[in-house]
Every structure is written in C-alpha cells, then in structure tokens.
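Quick one: structure below, then a few questions.
Naming follows writing order (A, B, C, D, E and F), and every chain is counted from residue 1.
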Amino acid sequence: MFRVTREIDFCYGHRLLNYEGKCRFLHGHNGKAVIAIEAEKLDERGMVLDFSDIKRVVSNWIDENLDHRMILHREDPARATLEKLGEPLYLLDENPTAENIAREIFNYAHAQGFPIVECRLWETPHCFATYYR
Amino acid sequence: MFRVTREIDFCYGHRLLNYEGKCRFLHGHNGKAVIAIEAEKLDERGMVLDFSDIKRVVSNWIDENLDHRMILHREDPARATLEKLGEPLYLLDENPTAENIAREIFNYAHAQGFPIVECRLWETPHCFATYYR
Amino acid sequence: MFRVTREIDFCYGHRLLNYEGKCRFLHGHNGKAVIAIEAEKLDERGMVLDFSDIKRVVSNWIDENLDHRMILHREDPARATLEKLGEPLYLLDENPTAENIAREIFNYAHAQGFPIVECRLWETPHCFATYYR
Amino acid sequence: MFRVTREIDFCYGHRLLNYEGKCRFLHGHNGKAVIAIEAEKLDERGMVLDFSDIKRVVSNWIDENLDHRMILHREDPARATLEKLGEPLYLLDENPTAENIAREIFNYAHAQGFPIVECRLWETPHCFATYYR
Amino acid sequence: MFRVTREIDFCYGHRLLNYEGKCRFLHGHNGKAVIAIEAEKLDERGMVLDFSDIKRVVSNWIDENLDHRMILHREDPARATLEKLGEPLYLLDENPTAENIAREIFNYAHAQGFPIVECRLWETPHCFATYYR
Amino acid sequence: MFRVTREIDFCYGHRLLNYEGKCRFLHGHNGKAVIAIEAEKLDERGMVLDFSDIKRVVSNWIDENLDHRMILHREDPARATLEKLGEPLYLLDENPTAENIAREIFNYAHAQGFPIVECRLWETPHCFATYYR
C-alpha cells in the first residue's frame, strides 16, 4: 500500500465560544495542514498522486479561504462587527477548533473527488488534531 | 473519526541492564512524549478533549515522576547507591527502554480513566517507540 | 564570552495598517520569541543566567500580555469594536510587525534590568525578525 | 503492541521520466527514510529491536547503495552517459519517485528477514511517501 | 538595529571536483537558503523590508536558476554530456560547495540592490555555510 | 567572509551542584553541539573546511568522551560512588552547565589547532548556550 502526504502552511485567527480558557479571546496560529492520500497501485509515473496536484487542489483552496483570515463560529458575537470592518471571515457551524478545521479541509478535498484518507491540523508546534473516516 | 495529539517535553536519565552497547552507562535524554486520544464525536465545544486537559493530567504526572530524574530498572545495581545520595528515582520492573517508558506513560493515563489510544516516546531526535493496545 | 538563549512559544493575532497584502486582514501566528543574554564570566553556579529565570521574567510577561490575544496598532479602526466585545488587546504605537513585536519584548526585558542582548520573533516557520541595540 | 521507529538521513539525486514538471530534470534531495518495526512482546532487554540494529542493517545498505548517488529509472536516457562518466548509479525498474524509493528500502529490509512494517521517505521538508504491506 | 530573515526551500543536484569523498559523485540536496536584511530604522509600515519582497526578488530567482537542476563547476567533465541531454545546468567558476552557493545567492541579491547582509545555505539537516561581507 | 557550521548530536547525563531547582538531581539530555569555523578565503576545493573534517575531529572526541555518559563536577559527591560502579564519567572543574560544556568542546577543538570560532550547546529543544572568544 502506498500513501503520500503533504504539509501545507498557512496562518489564521480564531476564538472558541463556550470555553473558559484563553482560547475564548481572538488570537491566531500558524496552522500546518497535513494531507494524506492512499492507493494500492501507483500510476504509470510511479505516483499515488503528484505532490503538486495536492498543492494545486488543497493549497489553493486554503490560500483563498483560510489563510490570513479569522475562522469563526457562525454565531460568534464578533461576526457582525468584523464583517462591518470588511474582514473576510471563514465561518463554521461549530467552534473553529483544530478538530473542526481538520474536518473542514478533509471535507473540501473529498468533495472535489480528491482521494484523501486523513487530514491533520497542527495548531501549535506541540498540538495537532486528525480527522479521518 | 477524530484524534487529538499533544507532545510533552521532559528530560530524564537512564541506563540499560544486560546490554552490550553504550546504553549500559548512565546517561540521559530529552524525551518527548506524544499522547493521542480518539473520539467518534466531538463534545459541545468541538473537541475530543481539551489540549490543556491532556497537559493537566499527563504533563503534571510526568513533571512529578519522570522529569529531571533517573529512570532505572528496579534491580539496577546503582539503585541503592543513588537512593543513599538522595536521588529521586523512578523505578520500572523492566529495563527503562523507550518502549517501556512509552508503556508506563500510556498505562498511567489509562488508569486515570483518560481515553488514550497511543503513546510515543522520542528518545533521541531520530528514534522513538510507540505503545498502543 | 558566553551567551544563553531561550525560546518561548506563544500565539497571537494581529493585522497591519497601510499595507496592501493579506496581512491587512485580522489573522494570527504561533510566535516564537528567542531571548539572548550575554556575560563575560559565569556566576558561581556556572551560568550566565538561569534558563528558568529567563522563563520567569520574560515568559510570564508574554503569557499575560501577548499570548492568546490580538496585538494591534493603537489607531487600528478595529480597536474600539474589539474592546467593546471585551477582547484583551495589546496595543503598539506602530504596526504590530514581527520587527516591532521583537523590539517590544526586548524593551520589556531591558526595562526590568534584564541583561538581554537580542530578541528574535519567529512569525512563521520560515520568517523572523531580530532586534538588538 | 510496541513499535520502534528510526529515521535515517541520506542524500541522493534523481529525475522522473514521462513527467511534465521540474522533476524531469536531474536534481536531488536530502532524503529521510523512516523505518518502523513492530512486536507484540518485548525481548528480555525490553526492546522490539535495538535501534542500533536498525541502523546496522538498513542504514549501512542505504549508505552503500543510495547515499550520494543518482537513483534513476533503468531506462533513463541519461544512464549510459552517466555510467561512462563512472557515476555509481542505483537503478529502479520504475520511476525513482518517493513512493518507489520507500518501497525499495522496505523490500530490502524485508528480504533480510527484518520485521519492518512500514517505510516512509521524506523527499522534501514537506512531502513524504509511505509504503506498507 | 533590526534584521529580518527569511528561509527559502529549494532542491538541487551537484558534485565536487578534486574531492576524495562521496561528494565527487552526482547527487543532490534539499537546500534551504536563509536571507538576512538589516536596517537601523523601520519604514512607515514598521518593516525593514516586506518578507514578501524577499520572496519576490530572491525566491523567484532561485526558482528559475537553482531549483530542480544540477549546479556544477563550469569545467565539470559531465557538463557537455548533460547539456546534450537537454539538462538546464547552473554553472559556477568554482566547486558548487555550500560556501560557493551561499555566496552566489548573496551576490545575486546584492547586485539587484537588495540590502542583504548575510546568506546561509543549509546543505543537509545538520550542515550549513554562511557568506557575508 | 565564509563560515561553515555543523551540528553534532549526542546524549549525556549531568546534575548541578549548589543549585535549588530540579537540575540538582541526576538526569540527562540530548545535547546538540553546533561547531562554527570561519575563513576569509576558501581553499582550492571551495571549502572553509570539509564538513567531514569537523565530524572527524570534533564528533569523534564527543563520541569517546561525552556521549552516553555522565558529565559531572569534579567535586560532585556522587563521583566516587559512580566510579566504583564502573561508570565512565567526564569531569569538569565547574558545574556541567550548558555554558561550561559548550566551552569544553570549544577548547578541545581549539587545542587541536582547529579554527573554531564558536560552539553552541543545545541542552533542550528550547535552550542553548554559546561560547566564543
């Protein structure tokens, strides 16, 4: 079995609702998304999928949707204010935890027909969340 | 499926009994324990478990039991001498290899009711052991 | 000559005024502050300064002032709104670039009588700014 | 269950046939092979396998066969020329992608009776391929 | 004093003439160029120079001249053969050591009027060369 | 000006006398020594000094003197006991802090006629000491 994995760096802001700790305040992270694809056989080039195709599909979407913006719960009280300020938010139906951002990236790639088997999101240099089906 | 993983740095000394190589001498390492927890569904905060809960449970125990001390086989000939010197040892029933230290951390977390699924111990920058059930 | 250096991880949000690129939007980073201290001679313990003293002085201040909050230009149009939302901002007289945040940390440590000679701030895994006098 | 993993650094050159991108030109990488071994029980020393045995078996073979040389498709048009120049090539029946190099290392270790369960090859700091059976 | 530093990843092949060790064979590396710029005062944006300007000037040149190709001594016996094969070489008047590649990147940036003060080239994960004037 | 730098990994145990914190207990670290050499001109091979010469001179000495052993103050009360146990200690006239170990490595290299200009010792993943003249 073959698996190829590519890491994609971006940065984002967020905060958590219904949370007691420091993460309830607006702040941000250098996220590192780690995308894994699997195949039983390689194509005629000897690849599961070209690393640059992972980049083209997933990295471009991250650049345009998550990178350098706030990722917020759709019901975050700060939402309306930040939108008035012209901020390009990315909204989730749930808290923008590492778990939910990992799933969001997984789901986008999967919906594009991309054979993703796992998505990790490093939120800090020592913590990451993984989503897989 | 969701998994969250947190790395915990500490440092320790050890040595191996019945071993021919350099590891038979007292020396030490910067260990990095990597704790993984899994859940099928997230809680209402959007989390498998709060990263800071992993820290609270596992990191505190590591700080008080493994960090900045010698981890030795219970039958290590150096044990009595070091205890006389007032050294706060951590003793195992087996050799304090990366494998056994990984299991020791896993078992502690599991015994506390912590839903751990895997524990890794990086012993050097290029070598680690993983324990899972 | 001896120098000791300690890295301190934290995370923060920011944005830049009068800037054309993506950094004009609210976002954030995992910052890594790198604090360097120098001495010609070591103290009786064999130290320039205890690594844990660097942590005590600088890391505590970072935790309470910069960590998990937005670092903004004092005249940022978002300031009033975010303060109304109860957000604990850290304000600078200038843009919160890596350069200015590095200087801010340097100046705090220096003002406390701390013999700092250089402060770096890693803003992303591939970019950092250094301030020294 | 126990698993031990060791990383082995080496460097190599390669290029890909039937490929449109930049990888069709001769270039190279710092490869990092990551070798994983599993066992249900530890031996009397408390080990799955000694880290230095992984080094002895796999690292020596990598040093003598892959390190500091070109890894090429057996039908690469450059092969004859480079052999005339006295270059010590390592030839594959397929393109020398990260996927195929990972499998090559896996297969060598397995053929030596080595209980390998997975081999990763980091081709760049952000991309790796994994082979397992 | 302020300094900003940016790391740029690329990969290349090379070999050394008049050298006894393994580096006399064609092979390659993941190079990491580290570009440093200094200024006494920041501009009105609070910057020494925008990180993305370093990328625009230096990274683009590296992409077009050094990335994914062989960097060879102008008198390398392999040169003629590789050119016949259509390989896009980058030629130096001296051996393509880490030292000389670091200087080459420094000189390019400097010749473009770029206020570079130092260029490092990581040749492997544990070795780098630095050039400065 | 050219500088070449090489990192050398090893592991050791130590403890500090006359110290209040946890470092007064026997423990250990994965040390990373970082050796820097400078030259105004390169030799005919295009090198300050061959990276493998740094390895040959400094790394071999570290392997035989510091690696996998306790580094202790000559007057450490544990010395006699550990020597009776047959432990191969490395003794310093002062506390085995990162500062003093960095100087020890610097001094050895310098005494061998090695043109070293700086030696760093990473004691943990976030702390290092530097010695230079």
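We take it that contacts are C-beta pairs under 8 Å (C-beta built on N, C-alpha and C of every residue); 3 or more make two chains touch, one makes a residue touch a chain.
On a predicted model such as this, the values are computed, not experimentally measured, just so you know.
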(request) List every chain that touches both chain B and chain C. (result) A, F
(request) Could you work out how many touching-chain steps separate chain D from chain F at minimum? (result) 2
(request) Could you label the chain A-chain C interface same or different, taking same to mean over half of its residue numbers are used by both chains? (result) same
(message) Just to confirm, which listed pair, B-D, A-D or A-C, duplicates the contacts seen in B-F for more than half of them?
(response) A-C
(message) Quick check for you: after a Cα superposition of chain A on chain D, what is the rotation angle, between 0 and 180°, in steps of 5?
(response) 120
(request) Could you please state the distance in Å, as a whole number, between where the Cα atoms of chain C are centred and where those of chain F are centred? (result) 30
(message) Between chain D and chain E, what distance separates the C-alpha centroids? Give it in angstrom.
(response) 27
(message) Among all residues of chain B, which ones touch two or more of the remaining chains?
(response) 9, 126
(request) Chain pairs that touch, all of them, please. (result) A-B, A-C, A-D, B-D, B-F, C-E, C-F, D-E, E-F
(message) Under the definition above, what is the set of chain B residues touching chain D in their complex?
(response) 16, 18-19, 21, 94-100, 102-103, 123, 126-133
(request) Using the touch definition up top, name the residues of chain E that touch chain D in the complex. (result) 9, 11-14, 22-23, 25-30, 32, 67-70, 77-78, 81-82, 84-85, 87-88, 124-126
(message) Looking at the complex, which residues from chain A come into contact with chain D?
(response) 1-9, 42, 44-48, 50-52
